[in-house]
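To start, I am sharing the structure in question, which I have written as C-alpha cells.
Letters are used for the chains, namely A, B, C, D, E and F, taken in the order the chains are written, and counting of residues starts over at 1 for each.
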C-alpha cells in the first residue's frame, strides 16, 4: 500500500478509536431524538439523520425517534380545500384537520420506518395511541378552544420497552388519546420531552433549524454552548429569550428537571450533527445540563 | 329474585357454558381476521367486530386483524382532485394515489387501535413495512402496469410474534415494500391470507358483504356451508364461481393448502357473526376445510 | 337461516359480549372458591360448579378450589363402626376419625381433579400438607380438647403459585400439619379464608346452602346484597347474626380486612351461580366489600 | 481430641468421600423408587426409606416415589364389611373397593408427604389422575372382568417435570383414569415401570420383601446379583422363575428395554438398602442391566 | 452377605444419614474456603481439600476457593536471583516480585482448577483482576512503602455470581488492581474475608497450620472451640492474642460483623477437616459466631 | 465554528457512517483474534490491539482473544538457568519449562485482562484448563518426544459461551489438559483455530509480524490479498509456501473447511489493522475464504 493511502486510512482508524469512550459511555442508554423541521424536508439530510440514529442503535444505544409532520400537514389541509381558522394566532385543529394530521403523520412515520428497514435494522412505527402510550387532555390557548390539540398528562412507556427489548427502533408519531379515547394532536417537542422523562432517557436531542441558543439572537458571539437547567429557567423568566425558542427551552428544562441527563439543541441542517455531538469531542449546538453537573 | 328473571339469567349462564368447549379448543390458537367492506363502514357494526375480536383475545385466543381502507381511500383521492386512471378496468395506483392510500390506511389502523384500547385491551397498529413484515413485488394485470400494487412474496412474521408475546392485539394495514424498500399497496385479502399462512393460523376469517358461498348465486338454496379446499378448487376450475368471489375463494383454498386449519367466509353485516361462528353450534357462513377433515 | 332462529342466536352473542368487561376486569386475578355443602352432594350441581370454575380458568382467571368433605366423612365414620364423641356439642376428631377424614377428603379431592381433567383442563389436587401449604396449631373449644382439629397459623403459598404458573387448577383439601408434622383437620371455610389472604386473592367465594345473608333470617325482605366489612363486624358484635352464619361471616370480614377485594356468599343450589355473579350485572347472593369501596 | 475418637471421625470422612463419585455420576438423574411391602409396614423402615430418598434429593438426584397401599386397603375393605370376590384367584375391584383403595392410597400418599416435609424438603403428593399423569384401559384376567383394575396405556409426565422443576419431591399413588375419566386401580409395580420409562429415568428401584432374584429360590447359592434384560427374558421364557417375582421381573426387563439404565430389586427390609446400593461399592440385591453394559 | 460385612456397610449408611441435616441446612449457601499453608504443600492433603470442596459443591453448597501461593513465590523469587528487601520486617513487593507473585499464583490457580476438573466438576480459575473483582489501594506499613501490596477497597462480586450460576466452582487468586488498573498483591486471608462479606457467605473457613485458637498458646487446655465476634474483639484488644493469629482473628471478626454467619479456623493438616466440621456433630477447630447466636 | 474545522469534523462523521454496514454485518458474530508476536512486545501496539478488540465488543461483535506468551517465556526459562534442549530443532518442553510457560502465560493473560478492564469493559481471563475448554493429546515431532506439547483433540466451548452470555470478553491462554488432567502447552495458532471452529466463529484473525501471504516471499508484487481455502491447500501441496507461514496457513485452511467464514492474516505492526480490516473498504493483509465465496 502506498504511504499517503496508508496515512489516510490510519486517520480513519483514529476516528473510530476516538468514538470508543463515547460508545462505552452511552452503551444501552436510551436517547430520544426529536426529529422535525428542515432536517425533515431535505431528502439528503433525512437520509443522514436516519443513518445516524441507526448507527447509534447498532453500536449499542437505544434510540427512540419522535417525529413531527413537517410541512406535509399544511400541504394536505390546503389540498382538502380547508380554510384555516386561527385563535390567538394559533391554527385551530378541527375534526377534519385532526383527521388529515393523523393521516399525514402516519405516512411520515412509515416513511421513516422504511428508511431504517432499508439500512437492515428492524423498526416499528407507532403513534401515541398504540398501547395507550400517550394520554392527553384538551389544551386551551388563553382559555380559547383550539380544537383537538392535547397536553400529555400520562405516558405509558410499556410498548416502547417491549419494542426495544425485541430489538426494534421505535418511531413515534405525536398523536394521543384523552380518557374517552378521542384523538388529539400533540406538539412533537412536548411528546418527545414527555417520553424522554417517562423512560428515563439519558439524552434528549432536538434537531432544529437553528444553530442552538443565543443569549441575544442578533449577536452571534452570545451563543450558549452549555447551560444548566436552572440558568435556562432564569433566562426564560428574565424574558431575554423569546419567540420560537421559548417553548422548546421550557421542554429542555422540564426534561432535565425530570431526570433526563442532558438535552441538546442541535442544528439539523448540519449533516451528521447527531454523530458529531455524540462521538467526538466537538460539542456542537447547545447542551442543557443538570445544575450539579 | 322473581322467577321469570331468574329463568332469564339462567339462560345467560347456559350460553356461557355452551362456549366452554370452544374456548378450550381454540385456546392460544392464532386467528387472522380480515376486516373490511360494510362491516367497516357502519359504526355500530364496527364496534361489534372490535368487541368480538377483543373478547376472543381476552378468553385466550391470539387474534390478528388485517384491515382494508374501505371507501375512505376513494373519498380522499377525490378530495385531492385526482382523475382516476384505469387499466383493464383496474384503478391504477400512481405515486400520489399510493401516498393517499398509505395515509388513509394509517388512520383507519389507528382508529381500530383506539377502539380496542378503549375496551381496555392493549393494541398495536402496524403496516407491512414495520419490521419488514410484508415483502412484495410489483403486480401486473395482464402484463399492464397498474402502478404501486404488490404481490406478497415473503412474510417475516417476527414482529407479529413479538407483539403477541407481549400481549398486544396486532392490527395490520396492507402496505408492503419491495426489495428496494419502495412502498406498495396490497389487496387486504391477499395480505390476510399470506399472514395466516406464515404464522400457521388455526383460522382465517373473512368478514364480507355476502352471506357466504353459493354454487349458483341466483339460487339461495345452493348455499354452501362447508366445502373442502379441493372441491373449492374444482369449483373455481369449472368456472361456476365467478365475479368478486373468485379471488377471495382462491385465497381461501391457498390458505387451507398452506396449513391454515379452516377458513370462514362470514357475513360481516350480521352483528357478532364472529362470536356466533366460533362460540356456538350454529355454523353461519361458509367454511373451507382441509380435504381430510 | 330463519328469522326466529337468528334472533335467538343473536341473543347468545349478546350474553357473551355482556361478559366482556368482567372477563377483562378479573383477567389474571386469583379467585378462591370454597366449595362444599349441597353443591357438593348433588351430582348435577357438582358438574355445574366444576364447569363454572373451569370456564373461569379458560377465560383468564386463576381460580383455586378449596373443598370440604361433605357428608362422606360422617358416612365413613359410621361404616367404621365408630361411636361419635362430643365436646361442647362439637364432634371430637380422634386419631381414627382424622384418618377417615383424610382418606375421604383425599378421594373427594381426586374426584374433583377428575372432573376438571375431563373438561380438558389440567388440575392438581393437593392437601395443606403438600409443600407445607397449611401449618396449624391445635384448636380448643372453650379450653376443651376436641382432638385433631387445627387453626391455621401460617400459609406457605409457594406450591399454589408453582401450580398456577405451570397452568394447573389447584384443588385443595383442608388438611394441615402442626410444627411436629402431626396431621390436623381444618374447617374448609377457615382454610379458604387463610389461603385467599395469603395469595392476595381478588375474590373469595363461599358456595353455601343459603341464599346469602339476612339481617333477620325470618324476614325475607331483610336480605343483604352488599355490606362493608366494618358493618358486617358491627352486625356480628350486635349479636343480630347468629347460628351457622357467624363463623362464615367472621371469615368474610377477616378476608376483606386481610386484603381480599370482595367476598361473596352465594347459594350453591342455584345452577351456575358463580358465572352469574361474575359475568352478569345481576348480583346474586351477598357481597362483603371493603369499607372504602 | 483423643486419638481413638479422631480415628473414628476420620472414618466418617472417608465414607462421605467414598460417596463422591456416585453423587457425581447420578447428579440430576431421575430415580424412580417403587416403595411397598414390608418396607412400608414397619415404621422404622419407613423412616429409613424416606430419609434415604430425601438424602438422594438433597445431594442432587431427582427421585420420584411410587407407592402402594400395603395392607391398609385390605384392612379398610374388611372394616367396611365387604365380602371379597375372586376371579381366577384375583380379588375383584368393584366400585366400593375402588373407592376404598383410592381413599387409602390418598392417605398413605399424604403420610409420605408429611414424612418428607418433616425432614425439611418440599414434597408434593399426587395420584395418576392429577394432570392426567396415568391413562389406563380396563384390564382383564384371562378374559374375566376383575373390575376397576387398569393397565397403563399412556403416561403424560408433564406434572412430574413441573414439580421437579419447582423443587418438589413427587410422590405418586398408583391410581389412573381411562378415556372417560373413570377411576382405576393400577398395580404399583406397573405404575412405577411406566413412569420410569416415560421420564427416561436413570434408575428404577423396587423395594421388596426378598433379597433379590434367585435362579432357584430354594438354593441360596443361586442368587443373581446382576443379569442383562435379555437373559432375564430368557429366564422368564424358560419357566424357571415363577410365582410373585414373575410380574416384577417382567416390569424390570420392560423398563430396561424402554430406556431405563438400570433396574434394581432391593431387600427393603435392610435399613438404608437404597443408600448402600447407590453410594457404596457393595452391590446389594439384583441389578437388571442393558444387554450391552 | 456375611454378617460382619453387613454391619460394616450399615455403619456407612448411618454416616451418610448423619450428614442429611447438614446438607439440608447449607443447601445453596455460599461457603468461602481460604486455602493455604501446609494444606497446600502436601500433595495428599491438597487432594483431600479439593475432594472435600468438590463434594460440598456436588451436594448443593456453593463453595468459592481463595488460595495463597504457598512457598512457591519465595522459591521463584530466589530462582530469579533477587535479593529480598525488608521494611519493618515485611518483605517489599517490588515490580519484579509482583510479576513473579502473579505468575506463581496464576499457576497455583490453574493447578487447583485441574484437580477439580479431574473430579469431573467444572471449575473456573480467576484472579481479582477478572471482571474487576477486587479493587485495592496501596497499603503502607507504618507509613513505609512496601511496594505493590494492596488493601481491598471494593469487591465487585458479579463474576463470582456469573460463574456460580453457570455451575462453575470459582477459584480465586488474591491479586487485584487499583483505580489505575495497576496490579497489587493481596494477603489471601484479607481477600477471602472481603469476598465472603461481599457475597454474604454463610460460612468462611480458614484452613491453617494450627489446631485453632488458644487463649494461651502454651496451655493446650485453653483451646477455644467457640467464641462470639465481640468476645474475640475483646481478646484482641486485651493483647492476650498475639503473633500470627492476630490478623487472621481480625479478619474473622470483620467477616462476622460484616454478615458472614460463622467463621471457622480449622487445622488444614487434619485430612478432611472441612467435611468433618460441616457434616458431623464433632466441631473441630475454632468457630467465631455472631454475638446473638 | 470555523469552516476548516467544520470540514474536518464532517470527515469524522463520514468515517463513522462508512463503518455502519460493517457493524451491521458482523452484529453478534463471534470473532476469534489470535494475538502474538510483535504486536505483543510493543506496548503502544498492544494498547492499540486491545482498544480495537474492545471497540469490536462495544459495537456488538463477540470477540474472543487467544494469546501467546511472546518472548517472556524464553526470558524466564533463561532466568531460571535452564539449558534449552532441542529435538529436530524444536525446543523440548520438559516439566520445568511447562511450569514456567504456564506461569508466564497466566501473567500475560491477566495483563490483557487489566488492559480491557481499564477501558471499562468486563474481561475474563481463562486457560484451556478452565471448564475443560481444551483437551489435548501428546504431540510428537517425527516420533520424537518433545515433552509437554499438546495437540487439541476436543474443545468444550461451554465456558466461552457462558462468559460471552454474561457479557465478558474472554481471553484465553493456550494451555490444555490431556485425559489424565496432565498440563500441556499448545501452539497459540492451533488453539485459536480449534476454538474458532468449535464456536462457529464468523472470523478468525491472526495478528502476525508479516504483511500477509506472498506467493514468492522475495517478490513483493506476488502478494496475495484473497485466496480460497482450496487454492491455499494447493499452494501448500505444491511446496511453494514454506517456512514459518506453513503451519499458520494450514490452520487457516482448516478453519475455513471447519466452518469459519473468513480467516485473515494481518500485519500486527500496523496500528489498528484490525479495525481497518473490518470497518473500512481497504482490505489489508490476506483473506482466506470459502471456495464458493
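Definition applied: contacts are C-beta pairs under 8 Å (C-beta built on N, C-alpha and C of every residue); 3 or more make two chains touch, one makes a residue touch a chain.
Here the structure is a predicted model, which is why all the values come from computation and not from measurement.
Peer 1: Using the contact definition given at the top, which chains are in touch with both chain B and chain C?
Peer 2: Output, common partners of chain B and chain C: nil, no chain qualifies.
Peer 1: Centre to centre, using CA atoms, which chain is the farthest one from chain E?
Peer 2: B
Peer 1: On a CA-centroid basis, which chain has its centre farthest from chain F's?
Peer 2: Centroid comparison gives C as the farthest chain from chain F.
Peer 1: Mind checking chain E against chain F and telling me if their interface is mostly the same residue numbers on each side, over half, or mostly different?
Peer 2: Result for this pair: same.
Peer 1: Could you work out how far the Cα centre of chain C sits from that of chain E, in whole Å?
Peer 2: 55
Peer 1: Return the distance between the CA-based centres of chain A and chain F, expressed in whole Å.
Peer 2: Inter-chain centre distance comes to 44 Å.
Peer 1: Calculate how many whole Å lie between the centre of chain A and the centre of chain D, each centre taken as the average of the chain's C-alpha atoms.
Peer 2: The mean C-alpha positions of chain A and chain D differ by 68 Å.
Peer 1: For chain B, write out the residues touching at least two other chains, lowest number first.
Peer 2: Where chain B is concerned, no single residue meets two or more other chains.
Peer 1: Quick one: do these chains touch in a line, a ring, a star, all-to-all (complete), or other?
Peer 2: It is a ring, because the chains touch in a row that closes back on itself.
Peer 1: Where on chain B does chain A make contact in their complex?
Peer 2: Residues 76, 79-81, 99, 102-107, 109-110, 113-115, 117-118, 122-127, 129-132, 158-159, 162-163, 165-166, 168, 175, 177, 180-181, 183.
Peer 1: Considering the complex alone, what residue numbers of chain C touch chain B?
Peer 2: Checking each residue of chain C against chain B gives 1, 5-6, 9-21, 23-24, 27, 48, 51-52, 54-55, 58-60, 119-121, 270-272, 275-276, 279-280, 282, 284.
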